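Chain nomenclature is as follows: A, B and C, assigned in order of appearance, with residue numbering initiated at 1 for each chain independently.
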Amino acid sequence: MTMGRAFSVGFILLLTALPALADECLNCHRLKTPAAVRQWEESAHAKARVGCADCHGSDHARLDKGEMVVDQKVCGRCHAKALEEHAKSRHGMGLHSGWGCTRNLPGRDQNECRHCHEEGSAKPLTPVQCARFLKQSSEMGDLGCNRCHSVESSCASCHTNHGTSLAIVRDPNVCAACHMGPDHPQWEMWQTSRHGTLFTSAGPALGPTCQRCHMAGGSHNVSAGITMNSGGIPYPAEQERKGREEMVKICTDCHASAFARKELAQGDGIRTQSLTILKEAEQLIQDLADRNMLDPMPEKRPPHPLSGPRLVLDSQMLYEDTSHIERLFFKMKKYDYARTVKGAYHQNAAYTHWYGNAELKMDLIDIKAEANRLRERGNPVAAPAGKTVKPAAAAEEQLRVLKKKAERGELSQTEYEQEKGKVLRELKETAP
Amino acid sequence: MTMGRAFSVGFILLLTALPALADECLNCHRLKTPAAVRQWEESAHAKARVGCADCHGSDHARLDKGEMVVDQKVCGRCHAKALEEHAKSRHGMGLHSGWGCTRNLPGRDQNECRHCHEEGSAKPLTPVQCARFLKQSSEMGDLGCNRCHSVESSCASCHTNHGTSLAIVRDPNVCAACHMGPDHPQWEMWQTSRHGTLFTSAGPALGPTCQRCHMAGGSHNVSAGITMNSGGIPYPAEQERKGREEMVKICTDCHASAFARKELAQGDGIRTQSLTILKEAEQLIQDLADRNMLDPMPEKRPPHPLSGPRLVLDSQMLYEDTSHIERLFFKMKKYDYARTVKGAYHQNAAYTHWYGNAELKMDLIDIKAEANRLRERGNPVAAPAGKTVKPAAAAEEQLRVLKKKAERGELSQTEYEQEKGKVLRELKETAP
Amino acid sequence: MTMGRAFSVGFILLLTALPALADECLNCHRLKTPAAVRQWEESAHAKARVGCADCHGSDHARLDKGEMVVDQKVCGRCHAKALEEHAKSRHGMGLHSGWGCTRNLPGRDQNECRHCHEEGSAKPLTPVQCARFLKQSSEMGDLGCNRCHSVESSCASCHTNHGTSLAIVRDPNVCAACHMGPDHPQWEMWQTSRHGTLFTSAGPALGPTCQRCHMAGGSHNVSAGITMNSGGIPYPAEQERKGREEMVKICTDCHASAFARKELAQGDGIRTQSLTILKEAEQLIQDLADRNMLDPMPEKRPPHPLSGPRLVLDSQMLYEDTSHIERLFFKMKKYDYARTVKGAYHQNAAYTHWYGNAELKMDLIDIKAEANRLRERGNPVAAPAGKTVKPAAAAEEQLRVLKKKAERGELSQTEYEQEKGKVLRELKETAP
C-alpha cells in the first residue's frame, strides 16, 4: 500500500515532463532484444509512457560504447524518495568492492575517488575497502564481486532491468541472489526459519518476508532497525537504542513486545559470546606471528594489497597467499561468526547452533592444533622442540614478543615492565 | 480425511464444556498483538469458539510472568488421540536437550527430573542427554537447542501458536524448520529427491510429502515404520520387522512391494557399511588415547559435563574442548554418517554418495593422517620417532595398552593373555 | 510448442499399430500398485491408448524376474527424434558409472562392453570410467551412483515411470534430483541466480529454466551450446565456435548479443584461471610423490582399480585410500573447480566467488601447508629436516626426481640434461 506512494508521485511528474520517445527504438529492438521489449511492455513504465530514451538517452553511439549506464541517478530523477532512503542504508553506501585505491586498475572510474577521499585529498575518509577484491582477476572482480556490490549505484540489482514489476521486488527471492552463500546465508536461514516456512506454506500474511521486516512500510532504507556495524561492533548507545526500538516496533505487528525484546537480546548475547571465541583464535595467531612461527611469515609471501608485508586479521584479511592457520581463522571470522549471529537474529536454530556455533568451536580446536604443530616446529631463534637453547637467545626472543604485545596495547606499560623484569631475573639465575 | 477425525471429536466436547471468554482479551490484544489476533480469528479454534482463556487461562498476572505456558497438556484436553500418538513417537519422548542432570542450572524446572529418574531416585532410568547442551550459554541453549528440542511438550513447534491451519501442518515446509542442517538434512534431501521434485512440479498427489510417509493416515506417531534407534542400531528383531512392514505398506501406495523392500534393504546395507567405517576411525582414536597421544589428553582439558576427564566418543561426544582428531570424528559421526544413511532411506543419490559416503571416506583419510602425525610426535613414555627406547619402558607401555583394550572388551581374556605373553617373551629376548 | 511435435508423430503411428491391452493388467494393479495406475490414467499415454503391455510386454513371468526393463529402446520405438537427440548429448553417452572393466562384477550385462571396446577387442576405445564406482559396495553403486548415471538408458530418469506429464519435465525441479550437490550444484546456483529468482517470483516467461537454455525448442540434446569437455578442456576450435554460437543465439532471446558474448567470455577466463590454480596444486603433489614423501605412498595402499599402485590425479582419482594431500586435491578438483566455473557460466556470484574461487585458494593454502609438513618429515633417502646427509645419497635422489619429471614431459630432454649436469657438478665439488 504505502510501498507504491513514492513511485506514483514520480510518475505523475514524469508524464507531464517527458514525451513518449519509445517507438523509434522499438522497431529495431523488437527483433534484436525481444524479451527486453516484452518485459518493458508489461511494466509500469510502459503504462506510464516512460520510454527507452527516458532512461537510456537517445545517443545511440554512446549507448553502443556502454557509456550510458542507467544508474541510481537516472532512476532518482523520478524516484527521489526511494533514492534518498536507499542512500541512507548500507545498500546505498560503503559496499563498493573496488575500494582500496583502485585508480590504477584498468577501466576504473575516477569518480569513485569520492567514496574514500575528500575532493583533492589523498587521505582516506574511512578505512578503505576491499583487499580481497584487489587480489582478483578482472573477470572474477566483475562476476564474483561486483555482481552484488553494484547495489549502491544500480537499482536494477533488485528491480531488474526492464521488468520492474512490484511482484518481483516484494518477493523474498529477489534478495536471494546476493544474500546467500557461506558468508551471509540470510536467505537460506530465513527460508528454513519459522518465518520462512510459514511464508511458503501460508503466504505473506502469516509468514513475514525479508521486505516486511527490513523495508517496513515500503522504505528503501534496508538498514533501519540494525544496531551494529558489519563487524558486529554495537553502534554508539543512542544509535543502538534507536535501532532496537525501530525493530521491536516491526516485530510487534505479530509478537508481544516483551517476547521480541527477549529474542533480540538473546541475539546480542550470542554475538558477544561469538566475538570472544573469535578473539581467542586471533590472539593465538598474533602470538605465533610475534614468535616468527607462521608458515610462511607475512614477509615471505606476496604483500597484502593495502598493508604490505604485515599480518592482517581484521576485515581486510585475505583468503589467499596466507598461512594455513590464518585461512582457518578466515573461515571462522567470515563464515562461522556470521552464521551464528545472523542465524540468532533470524531465529534459525540450525544456523545459530550447527552451521554457526559448532563450526566456531571446531575451528578453534583446529586452530589450537595447528598452533601446537607450529610451536613444536619452532623457529630459528627460539628453542626447537626437545632441544636445549642458549638462555640468552631464548630470553632475547621473549623480550621481543613482550615488546610487540606492548606496542599493540595487549600489555600496559606497567605489565610490560613487570614481565620484562621477570625474564631478565630468570636469565641472571640461569647464567653459568 | 482421517486427519481431522481426532480433532472434531474434541471440538464437540469443548463447545459443550466451555463458554466463549475471548471478547475481554481481544479488546486490548487487537491493539497490542494484532497479527496474533488476526491469526486466531481465521483459525479453526475461532470458528469453534475456542477463545483465548480456553488455552491461556484468565489469570493475567501469571500470564505476564510467563507462568501459563500452553504446552501439550493444554492441547491434549481436547486433542487426546493426537497427544497419545505423539507421546509414542520420538517427537514425544527423549528429545529434551536439557537431559543430563540439570537440577542446578538456572531456571530449570524440577519437574524435568521425571524424564530421567523414577520419583525420588537419583539413578537415571535411561542414558542421560545431552552433554553438548550443558556446554552452551543459556542464550545458545534456548535459541540453538531448545527451539527444536521443545517438540516433546509444545504442539506449537509444528502447529504455530495461533494459526493452526491444516494447510501449514500438511506442508512439508513445516518440518524444514528443524529437520535440516548438517546433522540431519532430511528436508534438503527430500526436496532434491524424486519424491520432493515431483511434489514441487506436480503437487502432493504425485510427490509424497514428509507427512504422507511419516504421518500416514494423519497419525501423530511420526516414528511408525522406523527400524533402528537414533544411533543406527537396529531395534530388537520383532520390533524391527514390525517397523519395516509398516513402512513397506506406506510405500506400496505407489510402488510394488518388492521394489520398496529392495530399496529399504539397500538402506540397511549402507547403514551397516557406514557403521563399519565409523568403527575404524573410533578405534584409531581409542588407541591413541591408550598411548597418551591425544593432544590434549582428556585429563588436560575442561572435564566432560557427564563423564568428567575421560575420552567420550559415543552419542555424548562434544564438538568443543576436544583434540583435533576427535573433532574430525565428531563430523564423521554426526554429519557424514547421518547424511549417508538418511540419504539412502530417502532415495537421494547426492546425499548418500557425495555429502555422505565420500565425506565419510575423506574424513577417515584425514583421521589416519592426524593419527600418523600424533604417533610420530610420540609420548613421554613410548618411543619418540627415530629414538631408541629402553625395552622395559616400551614393554610396560604395551602392557598398559593391552590392559585397556581388555577392559573395554576389545580383547577377550584369552587374547589378552596371549598378547601379554608375547610382549613379555620379547622383553626377555632383548634384555641385555 | 515444438516440444510436443516429436511425440505426437509417434503416437499416431502407435495407435495404428497396437491394440489396447491394458485392461487385463489394470484389474490386478489397481489393487497392487494403485498410485502407478492412477498416474498412468492421467497421462498422455492413457489418452493415446498406450497401455501397460505396450511398454512392459505381456510376459508376466519375465516381468516378475525384472527382465523386462523399459529402457530408452522401448521409448524410442515411438519417440525416435527425442531418442536421436538424446543420444547426441552427454545424457546419451559416456555417463555409465560402471565403466572401467566391469565384466567380473556380479550382475553386469556383457552388452556393456560396447561402451569401451570394439567388438572382440580388449583395447579400450576411450579412457575407461569410473574408478570411484568400482570402489563402492553394490548398494552404494546402485543408490549412490546409478540412480543418476542411468540417464543414458532410462527415459524415466527425467520423465518418471508412469506420470509423463509435460508439467513435470518442463519444471526445473526435474533436473534438481541429479544436478545438485557438492560436485555440480547447477540447480542450487540457478535457483539463487537472477535467472532462478525471477523464475520463482515472476514465472518462466521472465525467469529462464534449465530447459529454456539447455533444451531450446524442446530438443533432447542437452549438450547444445557447450564448448568444452567435462574436464574443462575446450573442444577443438571449430566445435567450440559452433557451441558458443548456439548458446549466444539462446541468450539473445532476452539479452543483447554483445552482453551475452562478454558474460560467456568472462566464464572462459575464469575457467582458464581456475585450471591454473589446480595445476599448481597438482604439481606440488606430483613432486612429493617423486620424492617418496606421500603418506602413504601409492605402493603402500590398496591398488587403484584401473591403474594399480600408481599416483592418479586425473579424472579417475579416488576420494578413498589415498593420502591426506590427495584428498584435499580431490575436493579442489571435483568440488571447488566445478563450482567456480559452472557458477560463472550460470551467473551466480556466490558460487563463482565464495563457494568456488575462495575455496580453490584456501585449499591451495592447505595443500601447501601439508606439503611443507611432508617435506619436513623427509623420506628414508633424502635429507630429513635439520640433518646432514651423505652428498652421494642426496644427489642420487635428485637425479631420480629429475628423471621422473622428464618421463612425464615436465622437462624437455635438453632441460633434463642441463639439470642433471648441475647435480653431478655439485656432487663432485662437495666430495671429500
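What we mean here is this: contacts are C-beta pairs under 8 Å (C-beta built on N, C-alpha and C of every residue); 3 or more make two chains touch, one makes a residue touch a chain.
What you see is a predicted model, and the numbers here were worked out from it, not measured in a lab.
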{"item": "Rotational angle, Cα trace of chain A fitted to chain C, multiple of 5°", "value": "120"}
{"item": "Interface composition of copies chain B and chain C: same or different, split at half", "value": "different"}
{"item": "For chain B paired with chain C, centre-to-centre distance based on mean C-alpha positions, whole Å", "value": "34"}
{"item": "Per-residue multi-chain contacts in chain A, two or more chains", "value": "373"}
{"item": "Sites on chain C touched by chain B in the complex", "value": "32-36, 38-39, 136-137, 139-140, 142-145, 147-148, 160, 163, 165, 167-168, 171, 173-174, 176-178, 180-183, 187, 295, 319-324, 327, 330-331, 373, 377"}
{"item": "Contacting residues of chain A [partner chain B, same complex]", "value": "191-194, 196-198, 200-202, 205-206, 252-257, 263, 266-267, 269-270, 273, 344, 347-358, 361-362, 364-366, 368-369, 372-373, 376, 386"}
